[in-house]
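Across the two complexes that follow, chain A remains constant while its partner is chain B and subsequently chain C.
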Partner chain A sequence: MLSELVKKLLWYLSLVLVLIAIGWGLTVMTDRIEYKWYWNRVPQYFFFTGNIEKFAAENGKIKIQKIDEKFSQVFLTYDNGTEESFKVLTKSLAFKDGDRVTDIDKVGELQVLSKGILIEGLITTLELSVYSSVLGIIIGLFAGLGRISKNPLIKGLSTIYVELIRGTPLLVQIFIFYFFLGTILEFDRFAAGTMALAVFVGAYVAEIVRAGIQSVHPGQMEAARSLGMNYFQAMSNIILPQAFKRIMPPLAGQFISLIKDSSLVSVIALTDLTKAAREVITSTFATFEIWFTVAGMYLVLTFSLSLAVRYIERRYSASD
Partner chain B sequence: MSINIIKGDVMSDGFGITEFNQIGGFMKRIMWALLSVMLVFTMSTTAVAEDVLDTIMKRGTLIVGLEAGYMPFEMRDKKGNIIGFDVDMTTAMAKAMGVKVEYVNTNWDGIIGALTTNKFDIIASGMTITQGRNLRVNFSSPYITVGQTVLLSNKLAKKIKSYKQLNNPKYTVASKLGTTGEQAVKRMIPRAKYLAYETEQDGTMELINGRVDAFVYDLPFNAIMAGSKGKGKIVHLDKPFTFEPLGWAIRRDDPNFLNWLNNFMYQIRNDGTYDQIYAKWFKNTDWLKEVQ
Partner chain C sequence: MIRIDNICKTFIVGTHIVKAVDHCSTHVKKGEVVVVIGPSGSGKSTLLRCINQLETIDSGNILIDGVDISSRKTNINKIRAEVGMVFQSFNLFPHKSVRENINLAQMKVRKRSKVEANEKTDALLKKVDIEEKAHAYPSQLSGGQQQRVAIARALAMDPKIMLFDEPTSALDPEMVGEVLEVMLTLAKEGMTMVVVSHEMGFAREVADTVVMMDQGKIIEVGNPEHFFTNPEKDRTKLFLSQIL
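Now for the complex of A and B:
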């Protein structure tokens, strides 16, 4: 008993040692190319207290009310009738009470804790992934059901969809969606990106759903039908819930892939996390630091999804 | 304590040769693997200041990093070869060294990273000498000076006469990721909405299709674009609003290569080679037929 525990401990120890060796090896190798690590330049791209400049939007008149030593409240009455009001730092005020302003004038500054570009990229990646996942599940569900339908039209369309989308690279699809369909139908780039990703993941989900449905014993469908349910009732009450449990692992894998594949939308000038990283690198040249940080951020996203799916699987397996 | 994998009982309280011999075969192999991995990493020597000229001579080839797309400095002709001002200059460079020349087409925003990680010897890609970049790489003396100008969508042609008017959130301005055009937009017209494209072609296509209002890029490229693909659809505000000397970038800590490059530049500027290459690409437009 004790040697079993010791054996396991030694294995874990060797795991730690291998990881340390790899980390050390990497550090030694980067020393050879004399790369200077500037980790202190990374945090400002997450959050920073910046001075944002506040401008007048139109021509008009300004009224200033001092709140305290630090802040003043600015009231702008524009010639076109609209009004605006915001706070600025007193020492940054460029006008006096009662002055006229034009639409290019800076009124003052405000110190604000703003999101850095890496956080904005992270939010874009998250939004893209969530919207296209939801859309993709819906598309995939219907396409998967279509693949096993007896109706030649539905079956034909679904099969063409799956083969076409699985057979072409995602990058090519994004280009076509944006530059071709987007110009004709006038999507904006976020919509084009989301739809391209949704259509892409839908094709894979369709096949996973089909495999799941076909893995449920045909006796289930027969029993359901003999109880008087029609096709749709049998599907939604009996077959699909069973199929769902079986397809959880490959489905999770598909959505984890989607989070990573979303980095391709940078080609249509959407700033996702990967593109944000490249933009930071062009201004700081802190290549290695940024790439490792961003890899870590992707890892946090995908690992959280992985954990969530594991939890759902455990909950569902209670019925086994 | 020794580990008896078969019986599972604790025998002695030392870790000697007998105990070592008794460790299971698999465990032993893991330990040797670990040891050898650590040995390999220890054997890596400390960095020695590199002499790129020696490396190039030994190799027999000068490897140049660039990104084909910036007309007329480097671009692909109809046959797929890379041609351009920088190509001719580096060919002359290689000839003067007595070596062959090879080009590595690299994405612009990763090109300095690729230089510092030894993917090529020199960047000759119409790269502006900026102080920010100079902190990471060395530059030769400038071989030409350009500036940023604006390509404008036709619908704004009557309204916008200068880049300053674009400094307004209702305008969308595009440029290429990682270029001085992008830096100029962020510095001089920060209020405009900015989009970064991967290539000049993507950005100008968006402009021609009317999906962005302006494209900020170097004067030579804009002039060529306005005269060819963009004729009738876009307008070129051709007064440059930045001062940009272009130079060749090399890795730091290499005074020999820098000295060679600067002397080479001085030579070709004064013996007619530079003038010949300049006239071919900037005064003449015969090469446009090869590209389009």
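Now for the complex of A and C:
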């Protein structure tokens, strides 16, 4: 029993050692090409501090109080009785204590924390993934039901849809959505990207839904119908809830893939995380640092999604 | 109550055409208990499934209370609500509790309120002697208990006719009795029943009419007395000698 534990510990230890060895190997190799690491250039693309000009709102009187070397607190008492107070950079101050200001005067500059382009890109990637997932589930649900329909028209259309999408590269689909459909239907970049991803993931969801429904014993549908429920009632109350539980894991895998696949929309100049990374690299030349950082950011997204799914799965399986 | 007129049902299995039901005609009177017997593959289950259109017939007519069930004008969901069905493999809804299993169609199809449905469900659970399991899930029940819940679920719709498709063949022998007992009670209460079964004891005791099928055809019809003492056809004699 104890020796089993020791053995296991030793294996974990070797895992750590192997990882360290790989890391060390990479360092040695980058040393050989004399790459200079500038990790300090990365954080500003997450958040940076910028200055914003601040103007007086009305005619009035200014009072200035120095806080420290850098900042001063400004109190504005307007003639109409209202007051305003903010913190500005001392050296940007255009007035002295006790001066009068008019409503077009620049008082000074505020320092604010802004989102860097990597965070902006991350948000775009998230928005893309969420919108296209929701749309994709709806498309996939109907296409999946269509695939098992007895009506040749519905079945044929869904089959053609699934085969077309699964048989062509996503990159090509994105181009078609942007250049062809986008031009005809006047989509903007974001709409084109979202639609392309939704239609793409919908085809895979359709196949998962179809398999899930077919995995529910046919006797379930017969029992529901024999009680007088119509097709829709039987599907929504009996078949889909059972199918949904089974398709949770593959569905989650599909949406994790979607987050990663969304990086392809950067080709239509949509500033997602990947496009943001490329923009940062053109101005910093910190190629390695940025790509490693971006990989880490994608990993945070996908890993939190898979944790969430694992939690939901556990909740679900506890219910029966 | 049920009039079956010259119906046919064929299945295509690979390249074979199987005549599962081949020009069958019979009828079931109100309050009558009909037991359908026959070797496996003789079409008795298919015949039963045709009665509530789980299988659509190729030709012929089935009238329930004078309504042609395969007519386009007929709302089949309405007919099915009047015809209860009990399956060999129970087919309870595994993601719903016993109570939800019995409540669901009452609320969705019969449009009863939750209170009304609960009342009905309680009464039925008492009838099938399984009151204490209302909150259990099907997987927590024995086969016999599951089948009794399935009967209660069908009865909750207040059906005029009950169809039983080999209700005891998937059960352990010691559980057959409890299910047959419930069916016996139903028969005594005057329920119209069509039962596909190999339980000859049940047939003998409860059936008003026994129907013998072989190779998709109804080959002999009679009362149990006739069947078990003096069957006419050699095929029937052979079948009964094998099964008894």
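The definition used in the following text is that the second predicted complex is superposed on the first by the 259 of 320 C-alpha atoms of A that agree within 3 Å, B and C clash if a C-alpha of one lies under 4 Å from a C-alpha of the other, contacts with A are read in each partner's own complex, and residues count from 1 in each chain.
Just so we're on the same page, contacts are C-beta pairs under 8 Å (C-beta built on N, C-alpha and C of every residue); 3 or more make two chains touch, one makes a residue touch a chain.
On a predicted model such as this, the values are computed, not experimentally measured, just so you know.
Colleague: Could you tell me if A:Ser266 is touching chain B, chain C, both of them or neither one (first, second, both, neither)?
Modeller: In the superposition, A:Ser266 touches chain B alone.
Colleague: Quick check for you: in the superposed arrangement, does A:Ala295 touch first (chain B), second (chain C), both or neither?
Modeller: In the superposed model, A:Ala295 contacts neither chain B nor chain C.
Colleague: Identify which of chain B and chain C touches the larger number of residues of chain A.
Modeller: Comparing chain B with chain C, the partner touching more chain A residues is B.
Colleague: Does chain B (first) or chain C (second) touch A:Phe55, or do both, or does neither?
Modeller: A:Phe55: touches chain B, not chain C.
Colleague: After lining up the shared chain so the two structures overlap, which partner does A:Ile238 touch, if you call chain B first and chain C second: first, second, both or neither?
Modeller: second
Colleague: Applying the document's definition of touch, where does A:Asn230 land relative to chain B and chain C: first, second, both, or neither?
Modeller: Touch partner of A:Asn230: chain C, not chain B.
Colleague: Scan A:Arg278 for contacts with chain B and chain C and give back first, second, both or neither.
Modeller: Once the two structures are laid over each other on A, A:Arg278 reaches chain B alone.
Colleague: Between chain B and chain C, whom does A:Val172 touch in the aligned arrangement: first, second, both, or neither?
Modeller: After superposition on chain A, A:Val172 lies in contact with neither partner.
Colleague: So, does A:Leu15 touch the first partner chain B, the second partner chain C, both, or neither?
Modeller: neither
Colleague: Which partner does A:Val28 reach: the first (chain B), the second (chain C), both, or neither?
Modeller: first
Colleague: So which bits of chain A does chain B touch that chain C touches too?
Modeller: The overlap between the chain B and chain C interfaces on chain A is empty, containing no residue.
Colleague: Quick one: which bits of chain C touch chain A in the complex? Just the residue numbers, please.
Modeller: 52, 54, 77-78, 80-85, 87, 89, 91-95, 104-105, 108-109, 137, 139, 150, 153-154, 157
Colleague: Which positions of chain B touch chain A when the two form their complex?
Modeller: Listed in rising order, the residues of chain B that touch chain A are 1, 3-5, 8-10, 27, 30-31, 34, 37-38, 40-42, 44-47, 109-110, 112-113, 116-118, 132-133, 135-136, 167-168, 174, 177-178, 182-183, 191, 195-198, 202, 205-206, 209, 211, 253.
Colleague: Residues of chain A touching chain B in their complex?
Modeller: Residues of chain A touching chain B: 1-4, 6-7, 10, 14, 17-18, 21-22, 24-25, 28-29, 31-35, 55, 104, 179, 183, 266-267, 269, 271, 275, 278-279, 281-283, 285, 287.
Colleague: Which residues of chain A touch chain C once you look at their complex with the stated criterion?
Modeller: 217, 219-220, 222-230, 233, 237-238, 241-242, 245, 319-320
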